[in-house]
Amino acid sequence: MPRSFASDNNAGVHPDIFAALQNVNIGHAIGYCDDVYTKRAEAKFQEHFGENIDVFFVFGGTAANVLGLKAVTHSYHAVLCAETAHINVDECGAPEHITGCKLLAIPTPDGKITVAQIQGFMHGVGDQHHVQPKVISITQPTELGTLYSPQEIRDLADYAHQHDLVLHMDGARIANAAATLGVTLADITRHAGVDILSFGGTKNGMMYGEAVILFDRRYAANFRFIRKQGMQLASKMRFIAAQFEALLANDLWLRNAIHANTMAQQLATSAAVIPGVNITQNVQSNAVFAVIPHDCIARLQEYYFFYVWNEPRGEVRWMTSFDTTEEDVRNFVRCMREVVKTS
Amino acid sequence: MPRSFASDNNAGVHPDIFAALQNVNIGHAIGYCDDVYTKRAEAKFQEHFGENIDVFFVFGGTAANVLGLKAVTHSYHAVLCAETAHINVDECGAPEHITGCKLLAIPTPDGKITVAQIQGFMHGVGDQHHVQPKVISITQPTELGTLYSPQEIRDLADYAHQHDLVLHMDGARIANAAATLGVTLADITRHAGVDILSFGGTKNGMMYGEAVILFDRRYAANFRFIRKQGMQLASKMRFIAAQFEALLANDLWLRNAIHANTMAQQLATSAAVIPGVNITQNVQSNAVFAVIPHDCIARLQEYYFFYVWNEPRGEVRWMTSFDTTEEDVRNFVRCMREVVKTS
Amino acid sequence: MPRSFASDNNAGVHPDIFAALQNVNIGHAIGYCDDVYTKRAEAKFQEHFGENIDVFFVFGGTAANVLGLKAVTHSYHAVLCAETAHINVDECGAPEHITGCKLLAIPTPDGKITVAQIQGFMHGVGDQHHVQPKVISITQPTELGTLYSPQEIRDLADYAHQHDLVLHMDGARIANAAATLGVTLADITRHAGVDILSFGGTKNGMMYGEAVILFDRRYAANFRFIRKQGMQLASKMRFIAAQFEALLANDLWLRNAIHANTMAQQLATSAAVIPGVNITQNVQSNAVFAVIPHDCIARLQEYYFFYVWNEPRGEVRWMTSFDTTEEDVRNFVRCMREVVKTS
Amino acid sequence: MPRSFASDNNAGVHPDIFAALQNVNIGHAIGYCDDVYTKRAEAKFQEHFGENIDVFFVFGGTAANVLGLKAVTHSYHAVLCAETAHINVDECGAPEHITGCKLLAIPTPDGKITVAQIQGFMHGVGDQHHVQPKVISITQPTELGTLYSPQEIRDLADYAHQHDLVLHMDGARIANAAATLGVTLADITRHAGVDILSFGGTKNGMMYGEAVILFDRRYAANFRFIRKQGMQLASKMRFIAAQFEALLANDLWLRNAIHANTMAQQLATSAAVIPGVNITQNVQSNAVFAVIPHDCIARLQEYYFFYVWNEPRGEVRWMTSFDTTEEDVRNFVRCMREVVKTS
């Protein structure tokens, strides 16, 4: 299959990460995280985020989000998030099923929620008839490819902490956010007041594996039980650990992210000049949202696989990944131009 | 770390399986199981188990068990299993949490449950005060390394089907069972009346990945939602699929299992002659259970990592794996002899 | 405390129902529903709804709703309802916690959802990433006191049944709806295509007790386990049964409802002519929604207890009950007039 | 139906309690516990248990147990209890479903568990593969009618508190225990170290209603949400409150319990002398367990309804209640004598 623009998870494994898998495939290692590779990977996370953090590896991104939320909630709590949030629409109800909590979804034009919007959900605090807000969950970058600035995150964190709420970040593509903003990973997470982070690996060149990072150690005391009961404790843990170690070493995480972001910029810039093609969201990471003529969608999909985001609007989503090439982009745009021309 | 006798999941990845991972790491593949690699792996399962089955890949073994149980239960149901079953003692309550069901645990000397024992739990059927038995779950080989014969499985299956129960098999090491019994994988599962099978990959040379096989297709209709909501839908699915394809090709599954079983036999035979060492369970797969002098346990663990099974009894568990060598066994037994001699 | 306009559940027990409690308080009765009183009450329901139905008594209204939903859902399902639905805002997340399902809330101006709105939620059917719509839940009368016509219910039922959905009705005040529409209880439930009904007793003069009525008997097979596991199986069941028998006999349910509705009409009519008071919803049952001058709310509450519905809008809710008198209404309106005059 | 010996919940409502219901059935009262009657009933509980306690009324006994457990557990916790415990066998899996926890059931000859037995379950503490013991739950009197002495309770409490466990007591018939022991309600609960108590009302003469008493106020902070989400918040709460106020006033709770216990003693004494009838448990409350000739069971049940406890053993359970008369006992024993004589 040619490289698609469907999702960054359609890509394979980055060669450096694959090599890391090979390197640790020697001899025996204690299972379930008591091995030296896991320790080394955790140390790598501390290089980026500082000390006094707790890092737990899980298999996938839905689990990272859901178990992170479970670490701080009881079943009568509510999680506030954007209507477009992955936890709200793309996890088949796992957050509700596993945590028991209700998600309170906030409509947004760009995937970003604000303190003002959250205030509107706080009137039921203390009233036994209503679920009790406990978590603000944001996605960085959002599912629409847009970014929260460090200050916007800080504002949400401050509000959260003033109201006994926890700030959770779905960072499935956190590397892409840091790359665009030109900041460290810590700048838009721990230093901005984030309490719990889903740190994405798979979408940035890993085979599998995500990390839940708890910046408040109180939440970590029992997380190992939550992970195991959540069916996310890998027996051969060294293979997740080795990937993360490679990803976080030598700026691989950043190089991959910068590359994907750059490809998205090139794609958006080139596509935007095609008549009938309109970019609908700020391109701040590796996603491009565009409206294209309705009759072009299926025809373009014959050549390149991608997802329709909003059928009635004719809005589509294109994603780039660490392995997207400039030639891929040129070919895709050329194809698009031909398809649109004949529509 | 030297090769331990702690668990078959302390081993790494078999070279053939690793090569398969490398082979599929090219270009893009649609995520979440709509790819050709997944189709190919499913076809491989059909070679072994026949047509009209449904195969779902998940990340780990706990998930394979729990989601398989969830496919056929409501929260008011009960699952009957041996007291020693992995689902009962080693999954941190995941079965109860995720399915809502109660586990009814049956004491056994050897990890095997019988129809007669199950009958004792059926008196509450139809009584609204009691959980309703719905699943008989057996492990093959058991957590004690022992085996159900095909006829014993058939007897349980017949009883189950006569009483509107489902027969579930935790086959985390099913290859080791088939190897010892000299039968096909289907002979001790589908052909013996098993309805749902957790087919293990990780313990037999894979990096990660297990399969839930549904022999009754009615249970499959909604399993994809159960898997996703159960946080077990891998985005880069091709990498689980490729491993299974390699494992099931060229009898790799069988060769690995035969080897591990043979090493266990050699270990048991050699250890049994050491004064003070008593083998406590039939060695029918790749596990050896033994009582050794109390004061030898910690001293032997200084050289080789393994688990104490029953502290008061001084019973330990040793496991072999696909990569255990005859020399490993000889060295371990020699070390044991020395330790015991000086106790 | 003077009779308030806060809620119909601030009222006590109707004398006829209290007498029924007294009448059955003789001798012993088998617990948990196998008694003659329960059989008699069920027969009474059959007089109203026809044969081949299943009636289960529970303690309260939240349970009636939640367990009715649980009877037809798996945890990966979704329940479609109005944003204002009791299940969505007033049950502290019990539906999500107990069923595991996600609620998909639909904004409405008047508490009523339409087929057109539901269609917008059906695009994810079959997609494993998304919760699967399974139930349309409507409230009759709505939480805003408005009514679905029998045809509107039928339209929703037809759409539901064409798409493998179940139509659930929260009928906590179903008597008030039937009273206004001048139809039988069956006309707006079973005959209109409703599959599952929460039949309210407490708000219409009972002490406690609600009924779940299953019009599709397939859903009833295991409901007794759902009820017991849902902690809603009363041991001294005869006391719920006797109340329902009395409520459904001699048109007591209808007389109570007509009275409460009439009081609401009188209240709305009288209040509407007060300058600064605006009735905001059609008064079709026993609820009156009104905007009154902001500074009058607290002052009026000093005399009569009632709830603020929407603080920013200055919208309040007044409810009448079976025991509200014409004098109560006159006094309340007079008080309101005085308070508004001096604002 | 003649008064049976099936269960104390086959009895009706004590006249004093019924009168209390009548007395509060006047005017309006705020729903959901913010009424004066609830405050008065809570004060009554403080008279018996002292200050600084939190009392929450719920509809039924299963809910009292389950929500009390939920107040202190996460889903990865385990609850230790006797194999015969109501939570283990008679609540249709509600504890597992609602709390997510695993119950670890301990075999006992008499329904009473000991510190020594609990110790055997503590080896997995801290191990992520195993559920984590958090609660010791005992029943007083036990389901077998036997009693823990205050010292036995204290021993369990001390062990619990030394190991970060909570001591929960199912006191569905706590009054019967206090009556036999000649101690106050507090002596065998709060003063003996119990942290959470299910205080039974229904079995001792109430129509419905149980109380969860939290002696450690930390657990109470969020219990109102647990109760509402647990579908146990009565809207017309005054009617539960009034019953408890009456039960706790004028020693009604004690008089009822003493009477029922006395009837059980008379029954046991008279039955024990019938050839072929053997009392199998100490009669310390209002339950009598006996083995009677197998062929007599069904014949005796033709005259009096009661439950078979253990079919193979021919063991039956007879219970007395506040309204059992000496004549009832005499007639029952006479009938039994006739039946046994002709067996």
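Brief remarks on what is shown
Order of writing sets the chain letters: A, B, C and D. Residues in each chain are counted from 1.
The criterion applied here is as follows: a residue touches a chain if its C-beta (ideal position, glycine included) is under 8 Å from a C-beta of that chain, and two chains touch if they have at least 3 such contacts.
Treat the numbers as computed from the prediction; the structure is a model and nothing was measured.
Among the remaining chains, C is positioned farthest from chain B, on the basis of C-alpha centroids. Counted by C-beta pairs in contact, the busier of A-B and A-D is A-B. We define each chain's centre as the mean of its Cα atoms; on that basis chain B and chain D are separated by 42 Å.
If each chain is reduced to the centroid of its CA atoms, chain A and chain D end up 50 Å from each other. Between chain A and chain B, the centres computed from C-alpha atoms are 33 Å apart. Touching of two or more other chains is recorded for residues 75-76, 91-93, 97, 128-129, 131, 225, 228-229, 233 of chain C.
The touching residues of chain B, counted against chain D in their complex, run 75-78, 89-93, 96-97, 100-103, 123, 128-131, 311. Chain B contributes residues 1-4, 6-7, 9-13, 18, 21-22, 24-31, 59-63, 66, 91-94, 97-98, 202-203, 207-208, 225, 228-236, 239, 305 to its touches with chain A in the complex.
Listing the residues of chain C that touch chain B in their complex gives 32, 74-76, 128-129, 131-132, 222, 224-229, 233.
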